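Read the structure below first, then the notes.
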Amino acid sequence: MTTHPPAPAVRVAGLHQRFGTAHGDVHALSGIDLDIAPGAFVSLIGPSGCGKSTLLRCIADLVQPTAGSVEVGGRSAHEARLAHHYGIAFQQAGLLEWRTVQRNVELPLELHGVGRRERAERARQLLGLVGLSDVARMRPSELSGGMQQRVAIARSLAEEPPLLLMDEPFGALDEMTRERLQAELLAIRARTGTTVVFVTHSISEAVFLSTQVVVMSARPGRVVRVVDVDLPDRAEATREDPAFFAAITDVREALRGGTARTPALGGEDR
Amino acid sequence: MTTHPPAPAVRVAGLHQRFGTAHGDVHALSGIDLDIAPGAFVSLIGPSGCGKSTLLRCIADLVQPTAGSVEVGGRSAHEARLAHHYGIAFQQAGLLEWRTVQRNVELPLELHGVGRRERAERARQLLGLVGLSDVARMRPSELSGGMQQRVAIARSLAEEPPLLLMDEPFGALDEMTRERLQAELLAIRARTGTTVVFVTHSISEAVFLSTQVVVMSARPGRVVRVVDVDLPDRAEATREDPAFFAAITDVREALRGGTARTPALGGEDR
Amino acid sequence: GSADQETSSGGAGGSGGSGGTPVKLQLQWVTQGQFAGYFAAVDQGFYREEGLDVQILEGGSDIVPQTVLAQGQADYAIAWVPKALASREQGAAITNVAQVFQRSGTLQVSFASAGITDVAGLRGKKVGNWGFGNEYELFAAMTAAGLDPSSDVVLVQQQFDMLGLLQGDIDAAQAMTYNEYAQLLEATNPETGEQYTAGDFTVLDWNEVGTAMLQDAVWASTDRLADTAYQEQTVKFLKGSIRGWAFARDNPEQARDIVVAQGSTLGASHQLWQVNEVNKLVWPAAGGAGLIDEAAWQRTVQIARDTRNAEGQTVITTEPDDAAWTNDHVQRALDELSADGVDVTGTGFSPRTVTLEPGGA
Amino acid sequence: MTRGNRLQVLLPPVLVGVSALLLWQLVVVAGRIATFVLPSPTAIASALGTVAGDVAQAAVATGTTAVTGLVAGSCAGVLAAVLAARFRLLDEVLSPLSAAANAMPIIALAPVFNAMFGSTSPVPRRLVVAVAVFFPLFVNTARGLRRIDPVHADLMRSLAVSGWTVTRYVRLPGAVPFVFTGLRLASSLSVIAAVVAEYFGGRQDGLGSRITSAASATAYPRAWSYVLGAVALGLLFYLAALLLERLLSPTLRRTR
Amino acid sequence: MTELLATARAERAAPVPGAPAGRLATALRRGAMALVGVAVLVLVWELYRALGPVQGVQVGGERLLPRADPRSMPGVVEVLRTLGRPEVSLPGSRTVGVAVLAAAGGTLLMAAGGWVLGSVVGIGLAVLMQRFRLVERGLLPYVVLSQTVPVIAIAPLVAGWGGRLQLTPALSWQPWMSVVVLSAYLAFCPVAVGMLRGLHATTGIARELFRSFAATGRQTLLGLRFPASLPFLAPALRLAAAQAVVGAIVAEISTGTRGGIGRLVLQYAQQATSAPGRLYAAILGAALLGLLASALVASLVAVLGVLVHRSGGPR
């Protein structure tokens, strides 16, 4: 009997994604191979329109890849979704206008049969975490852009899923709030050992948070390089750590290489 | 005869803004006084939900302030709007789905009677500027989040207005594209002498771009401090300038001071 | 009153309520003087005396009485002969057991000033009719007069009222003697401020033109007629009905009141006119009321077979079989009634002169 | 639209239609249902065979009424909605009136129009159709016009345009899907209104009078042939509305 | 794609539904404006009667403006007077006005039945069509086309087959039930179409969100599609109310069912030659009935909306 390495949390192999539009096909992703170890914190970074959101949506089984396979937690992406294996926060908040803020956070719990008392308690706790306790009874449209995004983050955390998928979750947040939430996210991960796949366009954020940074090229999106980030722990001081800067430089260089052409101009496949 | 100082590009005096909601009033802005000199580049920064967007919308005469006055270019905000005095890019792109990307950029020109040839030419030029020449004929929903935002930026620049209002315009952009567009924006400003009011949550972006950074406190939004940024010129090298770091520190401190309470919790007025 | 209340009370049609064999009679239109005999028979207890508990079902524009009968939802139906023959061809097993109206009540009316004195005069005119199968007498007459109905006249859909004629949209309008013709005479002539008179109009009467077709008849289920109990019941039903019609003949005012009490909203003088005109169609009946005159039957069948409407269709395509009509039951009914001293021929019948009030009031 | 795509769109309705016909035939044959109750599809088909030419002719007559009324009523409905969206006062006056007009059964309207315009004129029927289609277009268009994305409202305001320009550039394009929802409903409504209006007046040359004339002679297979004519006409109108929708709103495909 | 959110925001600008005073004022204002509309209509009618050409205006052989004679266009006063006259010139007869009111009440009941039945069927069909794309493709055209089959073609079927049903030993099929069924036949179409549109009117993000939760079809329906469809369902239900009234009236005439305004229209139409006012009175009744039905449904929807909103659910 031989011991197997643990199954990867996410395994993407030979992934291609094309979209048909009125003006011909758009080749969004091309030959993506990616293994994400359990407990890893992986950031996707790359020029606007390179396919980060698309890749995340493939992992979440929200779009069917044109070619290639996606495995999540040792099963197909489809089964993983049905097993409530992940929580997701989208690039746009995607709150339901007819629910109050609190009931938006409760939504996944409600759908999965958690009792009224328990889910209210959990929602309150999560809203506290993202600093929105006092707007629990308001409607999404009464919140600012950043506040909406924080509600969406709270919602994605509601079930403490083994896998967290986050698409530029901190994009609309001020630096203070962002740093606070980064810390919270790291704390949650430390406590629960959850795997995180995180889309961002901030190099420093990617490096600060991640164990690996996946650098993607402009359309058709390919993985240019995977930068391993080896930092002892993540605290305020980390941001001054030379390893931190080294990793930033690595990522920046990989990005430059991958975007030698003008950003997001991937015209050759159209 | 005495000479007057030039009229400020924007003058906000004693501005208050309250919103009525089903669960009581929300006090979004409280006693804002602000003078913006012609040609200035002013960034608004502050915790999420502090009223940055609201302040920008007051200047644009898109909401009526509850109290106080707003003057733009020496006239009332209302008259300025009617005189096409400003261009604006919103936090959400707000593109018209039934128009192609190019025709979305042309919209302000079309509405203000610019001829077909001329506006097509201008739109092409602007799309080149934001790196989207090859998607001119696509529909907004076929673009990624960041691409949509760039279209909105191009649209706000279409008329080369004396005043540019921008609400987190680079929020959804990757760092490369962001830096390129920052440079473009500065170039445009240098060329046309336009005044810019810019909402951002990136301290470094604010400092890099601005002549003044207005730091706001959590709700109800107040101006905590106006940090003057005195940098000779803005180039890649600027980001290593000590004056640059000093200003960043100033802003960061002002922000900390203004957010001694938990971010965005302005519960006392509800 | 709530809808169901009114329908059930209307549907009850004055059912005796006291035991008796339940019998349903389907009319071809809403309650009005046209059906005075049946309402009178219910009201006066004539059916009850025969041991029948008769419930009268009103008609509507899409209720086809003979198919209601054929589907077994009524025991008898009042229907015009040509339409009923058409249904027979489509498989409705029904038999004419009594020809209550011996004459046709349909007229084609025009203003005297239009000079349409004979059928040929319709050429090039706007000729109104209701459709609904009421147009074959008109078409037969036109065909006989050498007019092609589909090209020599303009056929116009006529409404329930006679406004089309009065307003000059229609040159010659269809009218039942007992209904629409009366409406004309109730209307005010705007030129004189007085009511119109019969002299203002010329009428084409199909009975005189020779294209009259048989109208209201009592139809029974052919299959059930094999059953003696149903035969007996049919005789009883016809006895009651003929007594009802005799009552209406002798007491038109009372018959009018009975109909009004059943919920007809036509005016009093109009209703009286209607009962009186309908009486003229029933009485005098040479061989007894309801007896089918073979000659009239043959003429009706002939016209129904030969006359083509605007689409080139005939009412029926083949000669109806023997089961289409029978005088057996009505004859028995007449015999029994005569024995009881009821006047079933109305030889001495003379119609009233009814004065129509403005608006039929 | 690709070929497979077209098949995907066309096949299900055809399948449903064919199986419905089979079921119908089965019920009639197995249930020994008499023709005067419900004619079988085959009986209708054979009747249709003999009167096909007449059905077509009648459909042209009815179709003319329907088209005229549909165009007039739709234009009026959209126009009224545009005006109502611009002037609140007009909206408040028009909405209840159009609701009342909509609730007016044709059966009540036709005699009135016939009296007013003359029962031999084609105008009353067309008016009946116009009134019938007015409401769905008015309501749906008004709905679409009222729904404006707040960002778009802000955008237009910032561009210092208002009123008609906003209507033209934002509200109307945004309302296009709604207009077509209304038009789809109206397309079939116009046919039925034209058919029914014929029961009350005008020349006896359309589907309505043929249906009644056949039905009153219990010639149900023939009556249903004309009903089929009406359904086919309705389908034609519906497809025309769909086609127009595709032509005028290329972006609709993705938002459905 | 942002459509749904957009409405939600746009509608936020309207007065908060919670405020009763505001709602009452709006209702009053609406009522007043409806009356203004009626007044304008009456005025135009009367003005045309007074000033219009008696023979109307003909253009190219077709009359484009109506005749203004009293038979074609009876005066409003005349119609109102008719309401007060006895229906039959016999002692104890009710007035035409009472007859119209009673008939309107009868039709309202039958139409209500048709509306409920039609709405249930329509919503059911819409849900089915949304759940199964194939069903939508196969059925939707027929839902719309069903409305081109005139009532005359189906009335004999409904009345005929209904007449054979024995619902319970005590309750047999009543004629008014045929009316309800035929009324539902006209009412279900707008509900099915509107509801289906509403069920589809979710944003892509929201749909993906529910997909990411592995929500079951039922959960997506109840938690997402239903709330999203409410803004579409409300007007569809109002359209259906109007259609139900039309259907009930047509069915009454078709089947000769008593107790409703359709039957009254039929009767009065036969008297229109000499008393055109009566027909107009009945038509007036029909119009008011339609308005009442729409208004009832509108208030029902509003009340439900407020209740749901209070509970923090969809508005």
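Should a chain be cited, it is by its letter among A, B, C, D and E, assigned in written order, with residues numbered from 1 in that chain.
Going forward, a residue touches a chain if its C-beta (ideal position, glycine included) is under 8 Å from a C-beta of that chain, and two chains touch if they have at least 3 such contacts.
It should be emphasised that the depicted structure is a prediction, and the values quoted were computed from it without experimental measurement.
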For chain A and chain D, which third chains touch each of them? B, E
Given the touch definition stated above, what is the smallest step count connecting chain A to chain E? 1
Chain D and chain E have mean C-alpha positions lying a whole-number Å distance apart equal to 17
Rounded Å distance between chain B and chain C, as computed from the means of their C-alpha atoms: 85
Inter-centroid spacing, chain B versus chain A (mean Cα positions, whole Å): 28
Multi-chain contacts in chain B: which residues touch at least two other chains? 22, 92, 97, 139, 141
When you check chain D against every other chain, which residues touch at least two of them? 37, 111, 115, 118, 121, 149, 151-152, 212, 215, 255
Give me the residues of chain C that touch two or more other chains. 62, 64, 67, 71, 159-161, 163, 167
Using the touch definition from the top, list the residues of chain D that touch chain B in their complex. 149, 151-152, 154-155, 157-161, 165, 169-170, 173-174, 176, 249, 251, 254-255
Chain D - residues contacting chain C, complex: 34-37, 51, 54, 111, 114-115, 118-121, 198-205, 209-210, 212-220, 222
Mind pulling up the chain E residues that touch chain C in the complex? 67, 69, 71-72, 87-90, 99, 102, 105-107, 109-110, 151-152, 155-156, 159-160, 163-164, 174-176, 179, 252-260, 263, 266-276, 279
Interface residues, chain E side, partner chain A - complex: 4-5, 8-9, 12, 203, 205-206, 208-215, 219, 223-224, 227-228, 230, 312-315
Going by the contact rule set out above, which residues of chain A touch chain B in the complex? 19, 21-23, 26, 45-49, 53, 91-92, 131-134, 137-139, 142-147, 149-150, 168, 171-178, 180, 201-203, 252, 255-256, 259, 262-265, 267, 270
